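Each chain carries a letter (A, B, C, D and E) given by its place in the written order, and its residues are counted from 1.
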Amino acid sequence: MELAWLAPALNFAAFGVVSLFGKYLPGKGSFLSILAIFGGFILFGVVLADYLGQKEDTLSFSRTWVELGVARITWGMIIDPLSVIMLGIVSFVALLVQVYSLGYMAGQERFGWYFAAHSLFVAAMLTLVLADNLILLYIAWELVGLGSYLLIGFWYERPSAAEAAKKAFVTTRIGDVGLLIGILMLFKATGTFEMAGVFAAVEAGHVAPGALTWATILIFAGAMGKSAQFPLHVWLPDAMEGPTPVSALIHAATMVAAGVFLVARAFPLFEAAPDARMVVAVIGLITAGMGATMALVMTDLKRVLAYSTVSHLGFMMLALGAGSVPAAIFHLLAHAFSKALLFLGAGSVMHAMHDETDIRKMGGLRKKMPITALTFTIGALSLAGIPPLSGFFSKDEMLLAVFDGLSPAFLVLALVIVLFSALYMARLLFTVFYGASSPEAEHAHESPSVMTLPLIILAAGAAVVGFLALEVGGYEGFGNFITSGHHGFEVNLLLTVAAVVLALVGFGLGYAIYVRKALSTQALMGQFGWVHKLLVNKYYMDHAYQWAIDRIVLVFASFIGAFDRIVVNDMGVNGTAETVKRSGFRIRYLESGMVYNYALAMALGAAAVALFWWLVIPRIG
Amino acid sequence: MENLTANLYLLWPEFLLAGLAFVVLTADFFLPAERKNYLALVSILGLAALIIFTTAFLLNRNAALYGGLILIDRFSLLFKVTFLGLGILMVWSSADFVKRYLSHPGEYYAMVLFSILGMVVMASAGELLTAYIGLELLSFSLYVLVSHAREDLKSNEAGTKYILLGAFASALLLYGISMVYGVVVQVGIPAPTTFEAIATYVARVNSLPVSFLVGMALIIAGLGFKVAAVPFHMWTPDVYEGAPLPVTAYLAVGSKVAAFALILRLFAQAFLPAIEEWQTIIAILAAATMVLGNLVALAQRNIKRLLAYSSIGQVGYLLMGIAALSASASNALILHLVGYGVTNLAAFVAVIAFYNATGKDEVADFAGLADRNPFIAMALTVSLFSLAGLPIFAGFITKFYLFLAAAQADMLWLTGIAVFASLISLYYYLIVIRQMYVEEAQVKTPLSLSWVTGGLLGLLTLGTVLIGVYPKPLVDVIQTATKAILP
Amino acid sequence: MTPLVLFYIAGAFALGGAVGVVGTRNVVHAALFLLVALMGVAGIYLLLFAEFLALVQVLLYGGAIIIVVLFALMLTRLQEFSSGVMENKQWPIAALVSLGAFILISVAVARSQGGAITDRAGPGVLLLGESLFTQWAIPFEVASVLLLVALIGAIVIARSGEGEP
Amino acid sequence: MNDWLLFLLVAVPLVGGIALMFFPSRNYPLIRGYSAAVAGVSALLSVSIFFAYDYTAAGFQFTNSFQWLPVLGIQYSLGVDGISVLMVLLTGIVFITGVLISWNIEHRPKDFFVHYLLLVAGVYGVFVSQDLFFFFFFYELAVVPMYLLIAVWGSSTDFKTFLRTKEYGALKLMLYLVAGSLLVWVGILAVYVAGQGDSFAFSDLVSREFTPGFQRFFFPFFMVGFGVLAGLWPFHTWSPDGHVAAPTAVSMVHAGVLMKLGAYGILRSMELLPEGARDWMPALIGLGTVNVIYGAASAMSQKDLKYVVGYSSVSHMGYVLMGIATLDALGVGGAVLQMFSHGVMTALFFAVVGVIYHNAHTRDIDVLQGLAKRVSVTTALFVIAGLTSLGLPGLSGFVAELLVFIGLFRTYPILGAIGVIGAAITAVYILRLLAKVFFGPISERWQHLHDASPVESVAAGALATVLIAVGMLPSYFVRVINSGVLPFLERLTGA
Amino acid sequence: MITLVHVQVLSAGLFCIGLYGVLARRNAVLVLLAIELMLNAVNVNLVGIAAFVDHSKFLGQIIAVFVITVAAAEVGLALAIILRLYRNKGTTNVDQLNLMKW
């Protein structure tokens, strides 16, 4: 498993080669990218096997990056359960998505560039999960953002895509400011960037509690940005402007999960700073709630999925806030499969519908694209928490964690959100695939096998990974694996039943509304008009940001700009110059041309010299 | 009286110079019109020969003739050579002007030679009256030269202003001399108007009497007029503008260098012991001169007036050297004088070349010069940059040295003002440069440049750069000169 | 008639003439007033044992300079000089400055000469001449060149144009 | 041979420039080829000096000295340490790329290259001079050609609310820089006089004792004087205006190298007056912070590409100043690396903007739109520069800024946090710029826009490569910097 | 008894009257005459000093001789120049000499 570093390295290499020489290669170099990620996946296998055999955290490699004066920044890669799992998720999903993309992106302009950027993203993501060091983590963190930026903006000719890419980068960047400041604060306190060193120092109580809390919250700010937590979630739905496979990989399965990963990775800090953990929980809950409610009313296929992602990420954060890393990571895993599946399914639908994304124009696609419909259904059910699909297990774990770790209010709200999750999944599923066939869907057809194959594989995954939670035979279960044996599988029957019931109710309600039309959506909208409006307008968050940017940031900037030009430049600089010049023009009129004036000046000058000499200069005697 | 005339031979260079002037003057009567340009050649060759002769003859001689009236030393030698060289340049730069406008060039060249004689006397004078006579000789020649364009109203006006104010200034100067004489003579020092006697007096009394101060103030006024120090400068722009261009160049360089040679010797050999008393005064004059000169230059539209004010500004820097008087300051002052001389001449010759080709002398007329004659533009740019004190030109090192000397005399505040003033100067130099390089010319025809003027311009430009790049030989020579007046 | 009285008389001529020079509105009168002042000054020279100078004063100034001035005035149109205001606008300031200068110089002079010095005597013309041609030979010769320059200059400038500018 | 490397380094462009004056004006290929050859030789020299520099030995190397004016104790002595050698490398890189970018200058190319070569000679001179006089000499020499370079070959722009002519920009820049240098001049004179008045050599002067009062009084002369050139707020306005007016290569050298000269000067003067410097560092760091935020905010409000880049330089130089002022090995080292990184980055920026302007004849952000569709190379290069600017890891800017931030957090954590926020603001305006200019639908007007020519692509590509290389493998650079910074700090803090 | 102060005050008086003339008169010839007054004042001063305090007794007179010489020459040259001006411009008033100013 010393070879783990090869996984990101291969993909970086692929990025370099494909971006520079892609256009001269067959298939624009796409095969290189796929080979690279396949290599990554193989390495995952090797590493996993090694790790299971050895059961010890190890450094893959470690080297000095920068050494200056007293400080030294080294970096390396660490192999521990968390990184192994993430390595697996990332390489597996990425592999499938890239294969899928071969079909989905076929014929696109900049086909090679797409794969290059993909490789860049994957490489960065793999570095991120393997990093043993906060600086390397930050580096990868930023590069992941870059990959996301490039891929969201892949169709940069569309203003909306360019705008979305920018928004994503800027918004996450705001979180990153916090992350970097947090890292630097920790460095100041502990003198190292090594995570192990930092955690050790924290556990030993070398860091003042106040500073630690702030540093931790700031680190969480980074996670908020990447994982689209309230109030920095606004970029994620817009990010759907990118190609759908990108949404599947980055904005569902991997990058957005990085925040969750970060909190999990830095969990010793959160354990030492309960206030910060509370913040995580509250933010997670709010995010989950907002995401779920907005998902209920969106009409864009991908946006519904996006808000669903937001909601689920909030859930994971909630679990982390409740103190359970295994639950959160397990949900991350389950969600990765399910959501990637859903997105790829959505992509398949769009592929068939000529890039139509409005769900109101869809319907009855089940018959046209059976594989897609089936796999999509599995994904949806999984996320809704219907047993025995993976989502059920993970959600159950999370609820249990909330029950254990936080006050009952959190649990109640979480259960409500579970209901909503099921409801919007049902809405999506039924509207798109069931019911009457819409006119636009007349000519839809099933996607090629290069696309459906990943769907099937993912569906299988989404269906079965839940069982990883169970302790079977020699396998000690996911929780124990990730915590090295501290967290076994538990079930609280009452809670499980409640959750399942709520999920089923939600689904049932959805069936009633969208298939049976038992409840008129129009009527509901009429009754709760303001709620609907609020939700459709995304709680006016985008408006608020827009307002803040237009009215505060840009106004401030133009104020500074104008200040610089008018006050500093025109008044300060030019003003001084002008004054000097004017005084020159004034004094010049002393030179009157009259001889007697000149003589007078001379006489006065001589007299002044004499008088000054006589009277002013201090003289002895 | 045997001992008085014994070493009269040491004045051979002066006699020969006077002789040369007479030759040129009289030869004019005999030469046919088309041969008159030989006079320039004769003058130049004569001066060149004199330079060689003077250098060889006086190199290792030191003497004080007539009880200190005339001093033969390295200081005077350096300036003699400088003035003779200046004479060559002056004659050279006038060649085109003379050829075009004058029917009796002999008078003109003779005046130039006489004025050089005056300068030489000034630089070697060790006594107030002798210095005064030398000064007047120079002034008279200049009055004539300034009025030489007889039918030009501006020249008439300039001549009138110059001679009236010049006479007024010499009255002030003389009155000052008389008062200093009156004070020094009372303590019974022999030959009381020699610099040596004054120095003895100044060193002896612990507080200068008021009448001495008044006398000195008047001397400063008289000499200040000559070098155009504020507030005695006001004639400068008018006279510079009115005078024929080569004469303006000569005024700006020759009379100033000569006056500074005199001032330097006077202050170093006569007034130095009382430096505490006059330092501040001179420093204030210097500050006023450089600030005012450069400020008003900002407002000028005529290149001659602009250069006039710029040269007033330069005088301010030079006065710093007097205010900070020390061996180092003297070195710096002389170096700056030489550097300034070469640079300013280069600037003027460039303007002359332009004027000869176009007959115009407004700054705006220089538009597009870089296209019409890149060489003139380049030379003018180089000299302006040098005047502004930018490397690799002479002005940089000379100014650096000068300011350094002021700083060494604990007058950093003055250095600060000087630095500010040179910043202002850069502004108006840039305006000229901008005209030449950036603005489009109204008339785009290329300008011709006679090889005579062109050669001179090239020489001066080269000199500007050479001094800027490797001043060591020059500084070495100057140091020996300084040693003569400030042992 | 003590020397002091004579001094006052000569001084009165000198100052009176001088005031006339700067006060009169007629240029010819001014020239004549100058003559008066010069004669007064010559008288003072005599009182101060400078016989030679007194002579030079009378001959050179009284004779030559005044003649030259008058000659010049004749060459220009006289009415130009004899009419109108002869003072410029700054004459009040000029008066103030002159008065101030007078006070300044007088005070300076009075302060530095502590008491009357009465030791007066004069050199003979012979000594003066000898000194002029030996010790002061060089300035003298330079002065002669200077006169030549003035002469040539005056000719060059006054000469009527030959098509020269 | 090694002794003469630095001498050659300065002499090659200087003599090359003077020799070029005598070339025929019309033979464009000859002039271009010759200039490129001179630049190439000089770039090779700087690269070889950089890699020949022995960082394990540290100290000044390749030293050489000639008497120039012994009366004043002026000698032409040369040498580089770990800090200046990096600057030499930077100059070499920007020099050659600047020549290549100016390949298509059609207006009096000879004069242009003469001035350009002299400019670069001055810059080299400053970095290798070990004598205060020559330091100042070259400093001014670098300023001299600036005026004509901008006023003749620059461009005027009419913004709707105000006009910025090239003459204005040139004049302002020149006066400002000279004003700064004059302050320095006063400082130099004071130091010389106070330090026994017999030598201008750095090595002599640093061993002289200056009273704390003297140091406190005169350090600001250096700080502000050099600060002007480094774009220190509020003396920065020459920089954006100058850049807007300047031709591409000049903007490159200018923002890329000349502004570094200012920061370098501050570093050197700190060595000269260590106690005074220590007392003034809080002021410097404060102004540096203002630079960062103010520059970034101004950049955000600009409508002209060059203004954006110009103000971004102001902002980035703020990091340099802040880093220097930390007096922390990481902070100062980061500042030096930032000098290098920003130099290359901003050169790349200006190169690309120049290409765009050359082809599109406008730099108006509101007019340019969707260029990526047509000009992929230009876009890629601009994106790389932009990403460096916003501190993206993997590019040199990140390493430098990170080090600065670490240094700041060790000394002034609050300002460090503000600095990090500044980097985020940078991201905002850079990304807005990218979105507006390069992305989005391409307008009809730019359908036939030309991409960068091969020569331009090679030049800018080289710069981009340097950015990436340093970003990926900063350790060599950091080691060299380290060898210069440690003795520096030892001198300064007595540590 | 005549004292040096007497002489010098007289000289100062002459000088200042001359000064007034230079400063207040508008005709070039009159200005010239006033300058002559100032030069005479110088001479009075010199002669007085020579008579009262100079042991060699004659230095002041020597200087005075030179002053007279120079003054005479100056008047001649100045008048020539003024005449030339008059011929070209038709006036000798200095306040009409304003072709060049500022």
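The criterion applied here is as follows: a residue touches a chain if its C-beta (ideal position, glycine included) is under 8 Å from a C-beta of that chain, and two chains touch if they have at least 3 such contacts.
Since the model is a prediction, treat every value here as computed from it, not as a measurement.
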Shared touching partners of chain D and chain E are A, B
If every step must land on a chain the current one touches, say how few steps get you from chain B to chain E. 1
Of all chains, the one whose CA centroid lies most distant from that of chain E is A
Quick one: point me to the chain whose Cα centre is farthest from that of chain C. A
Central chain (by mean CA position): D
Most C-beta contact pairs, which chains? C-E
Whole-Å distance, chain A centre to chain D centre, using C-alpha means? 36
Counting in whole Å, what is the centre-to-centre distance of chain C and chain D, each centre being its mean C-alpha position? 69
How many angstrom lie between the centres of chain A and chain C, each centre taken as the mean Cα position? 101
So how far apart, in whole Å, are chain B and chain D when each is placed at the average of its C-alpha atoms? 42
Residue ranges of chain B touching at least 2 other chains are 129, 133, 136, 140, 143-144, 147, 150-151, 159-161, 164, 168, 172, 179, 210, 213-214, 237-238, 299, 427
So which bits of chain E are touching at least two other chains? 4, 8, 15, 18-19, 22-26, 28, 31-32, 53, 56, 62, 66, 70, 73-74, 77, 81-82, 84, 94-95, 97, 99-102
Which chain A residues sit where two or more other chains touch them? 577, 588, 591, 593-597, 599-600, 603-604, 607, 610, 614
Pairs of chains, among all present, that meet the touch criterion: A-B, A-C, A-D, A-E, B-C, B-D, B-E, C-E
Interface with chain A, chain D side, in the complex: residues 162, 172, 175-176, 234, 237-238, 241, 294, 297-298, 300-302, 328-330, 333-334, 370, 372-373, 387, 390, 392-394, 398-399, 402-403, 405-406, 409-410, 413, 416-417, 420-421, 423-424, 427-429, 431-432, 434-435, 438-442, 474-475, 478-479, 481-482, 485-486, 489
Quick one: in the complex, what on chain B touches chain C? 1, 4-5, 11, 18, 25, 65-67, 69-70, 101-104, 107, 110-111, 114, 117-118, 121, 129-130, 133-134, 136-137, 140-141, 143-144, 147-152, 159, 179, 183, 209-214
Which residues, counting only chain A, touch chain D once they are in their complex? 64-71, 135, 138-140, 142-143, 146, 153, 156-159, 161-163, 165-166, 169-170, 173-174, 176-177, 180-181, 184-185, 187-188, 553-554, 556-562, 564-565, 568-569, 572-573, 577
Could you please specify the touching residues of chain C with respect to chain A in the complex? 88, 90, 93-94, 97, 100-101, 104, 108
Interface residues, chain A side, partner chain B - complex: 577, 580-581, 583-585, 587-588, 590-591, 593, 595, 597-599, 601-610, 612-614, 617, 619-621
